[in-house]
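As written, the chains take the letters A, B, C and D, and residue 1 is the first residue of each chain.
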């Protein structure tokens, strides 16, 4: 058992606050790091200690391993928690920790390296008897290899970066005449994003469900799963809404997927908290997708239905404790949903940066907020647009959905556009409400608006306009011009 | 005073007069499209009004972006232009054969410039890529024409409203 | 099954918001009522409809049954929810509802009347075989009756108002020479508070624990209990902190108390949600105290460990549904604690009224807030000082306490003094942490302060003072004078 | 400029000078009881400072009531008087043989007046009962003397700071 009484949190935003809260509750001293842009950010204020580690761009601060290790040592930390994103899946961080005598709260560098390589991971899983999607087992090195692999697999096929993740270097190809140009573009993208141009190929499943299993593995070979999460509400491979349990799983299928996930973890020698992602086709067949070797953004839905604080368990495992639970101890209590609230236009998903002028967070029965923002906060342009997550729990899925709608109605973030209106549309969608949806759901959601409250809205606008006429407009002139221009620009921007 | 309130689809004429200022609210007589109503308004914060109308309670958030008002209530979002009736109403027409200054719609980093001064571009063609919040956003030409004044360089940081380039039609 | 699609909430503050939230989640239209002082209060803004019912003093608004009934009928409500306090235990409200064809969400007038009379309730419970505290079974009509009853019971004795509640008309008497003057003062107080001077007498238990059972009873004779709540952290019979489960109860004793509570409810013909309160002596004997014929302030701790939304169940029962649960369906999941946050000085408990300039509410894992306030809110002087409640859940009691301390650290209510510092002191008290406490705990808590952060606090005060020197003080002059005077007054006020 | 900061028990001499104003914080050199420290202060809101000192992060809430500052950090509450060193420091002594105006410490309703003008009262004796937030609060005489100017009637509503009565010693 190693002593962990002081932890450096190598992250920012809501996840850094989440980890600091777990530290607060267990008497562990939390140490934040921050870039020049983040001096007044919530995670800096929340932690017990905080150290600046460089300029605003994350390549000069949150991604600089040496600065983070040096800060951890200087502050007298025993351990580093990477959160998600940034360095969380970079094997160089656990390697550097080991070299400097620090505990990395996560898996070791070897299993992270193995699972980070998608083709290597596929081979390990196939060997362990876990179903994988038909396709190439090795990176495709030439055009003839690509053509052969695609016609053997059958169209449509998906080109994927071997070193990849997050939708970069991914192309759907429907027929042979698109294949080679798509391959070349994917290679270029993979090289630029991951420094590695390796591309492989899988059968493209049309509108599958994305279902993943949360696992916990200690350093003594004990591995359990904490049930599944359904994450099919996605846009460009980015999850937007997650829930647990998944309505399509019965306990037999949950058992099979859980066993597959545990086998995947054991086969790769993985420890700590991780997630095994699967795609599930319309017949209920599931296929290994990848292992996320870290805490997930959506971990709270699992916490809500199991009552287990995953961050605290991560710390316990890293300190050398044995798992406190057997598989039989893990139940499912009710249902939980998470909505990711981003500073984005709810229709175009274009980023919306700005100053949070007013903030009212929802609460009451069954509502949990994980937030990285506060009132009077200027959102930096340098980082991810995720502002916060709303998680609701209900005795059943219907209650969880009703509470989410209530929570979103109560949530007021003024100053920037957020994805709250988008989430409301999904939550009242018939397919979603019935649990009958897949990764195609976002594409078919319509952004229509009702005119139910048009009159009251018009009255409110008029009253505010009347009042505004009394104030001096000079300071607003620039904003006004800007508005006109961005009005003209409408439709002239697309996220790529 | 009467206002024209326009959401891009419906045009409403709204006239409001303050009847009474009370400790916790203000009473207005509002005439909307010819119908008169008594409305109680309590301004909870600059962006947040509580409105009572015929017993119904509405939490309404109003944010102003320039002359546009974005109004949120009960999960619906409306975007209005509000014009004093006395103002001269000029419809902004797309400028033919004119000069169009394109500005940054958000702060960000210019990661790529795909055109040079003098290039002929079609409406919708990508001109440069602006990175903000880890997302890459392509700024496209809002009209066909010739690029004349690219005022930034690759790698530059721009603020919202900064000039990016000019298109001459 | 009666249709309930629109409910008038005859209350204000956090409980009115709580009930409106349950309506929101179940598609029921909520109707708020408000006094002139409450136009901009949170419950008015939260509800779907809102109607003014009179001037600020509650006797002219929230307590006027006719106005409330009239408003419910005018708005087309089918039912009235009374919350707690105000009219919640006044049998005239359910009687008026019945007369006007409205559903009262609570018990009928008869059982409310019976249980509201403490001596009648004692008789019913004794007959049903439920242990009651030794003492008089009838109101004491003369001084000789009082003297006889007290010497038969043995000192110390407790004088109590038969029609009473909330600590009014209550006197502890330690010896015969104090008895008659205490009796006369109690009679006068009871007459003034309840319009009924009847006083009875019980053996006074020294520092018992206060343990109560939550019950649900439908209209078809089905009654279940939802476990106990420990409410021994009290000051002047006002509960300050509540938790569930109670650490001193094992499942056998829980079963016995649950059976007694169910018997009490059946004996009185009671329906809907209610609470049977018991005192438990140091040997673990429990005695009937009273039945609260309504939702309790502390109901959320029960919701957290059972997953049952009590307000929704109240509405279901009132609409004529059968109970959805059997006793076997009710488990205990983890542990929950509630702290009541009041606008009071944390040491003297004197009310602190004012304007809420800034509000930051805690959140994260296991934290729930039930609040009646918002930022930019002027707390009216006319009503109860309860601002909000913080409820935390943990896998075990230790985690619930750790989360409560975290939540209280995160909670910022600026502009008034609150009881948050008081709660922190209780939560770190050795007796409380060990679960070894009783109703004597508040009296022995010391309000000492550490000097750990004296320097940083002094630096902060200096920096703010430097900045303040730049602003014009004219508008603060009055406040300044006030401060000096209230400084002089220190120790010159006592709550009575 | 140096300040004397006093919490009723400890007297601290604090001198702070602003070294640098940066986009997200201000750097101060603070000398406290002879020791010099560099402190980063970020003012999150009027009542809320984020302070970094030797790597430690403190969320500090400062509220001013008159010349007193109530400071809350990490669950501890301190109450300070902050005095400019140059100010003449006069200790407020209890006035002997003087006139003491007693004002309402909170808004409320006067539900009972137990004394009349001309009554001799002892320090601590109840004079009237003020009801606020459903609680009855007895206002007692802060010093012994004669009640001279009861300025309110039973049933009256008073605001914080309103005069209630006068005691002449």
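We adopt the following convention: contacts are C-beta pairs under 8 Å (C-beta built on N, C-alpha and C of every residue); 3 or more make two chains touch, one makes a residue touch a chain.
This structure is a prediction, so every number in the text was calculated from the model and none was measured.
Shared contact partners of subunit C and subunit D are A. Of the two interfaces, A-B and B-C, the higher number of touching C-beta pairs belongs to A-B. Taking the mean of the C-alpha atoms as each chain's centre, subunit A and subunit C sit 41 Å apart.
Annotation: 31 Å between the Cα-based centres of subunit A and subunit B. For the pair subunit A and subunit D, the distance between C-alpha centroids works out to 48 Å.
Of all residues in subunit C, those that touch two or more other chains are 374-375, 405, 409. Touching of two or more other chains is recorded for residues 45, 56 of subunit D.
Of all the residues in subunit C, the ones that touch subunit B in their complex are 31-32, 36-40, 44-51, 75, 374-376. Partner subunit C is touched in their complex by these residues of subunit B: 22-25, 40, 42, 44-45, 50, 52, 55-57, 59. Subunit A contributes residues 343, 346, 350-353, 357-358, 381-385, 405, 408-409, 412, 414-415, 421, 424, 449-466, 468-469, 476, 478-489, 491-496 to its touches with subunit B in the complex. For subunit C in complex with subunit A, the residues that touch the partner chain are 17-18, 21-22, 24-26, 300, 303, 307-309, 333-334, 360-361, 363-371, 374-375, 395, 399, 402-403, 405-406, 409. By the touch criterion given at the top, residues 1, 3, 5, 7, 10, 12, 14, 16, 28, 30, 32, 39, 41, 45-49, 51, 53, 56, 58, 60-69, 71, 73-78, 80, 82, 84, 92, 100-103, 105-108, 124, 129, 132-142, 160-161 of subunit D touch subunit C in their complex.
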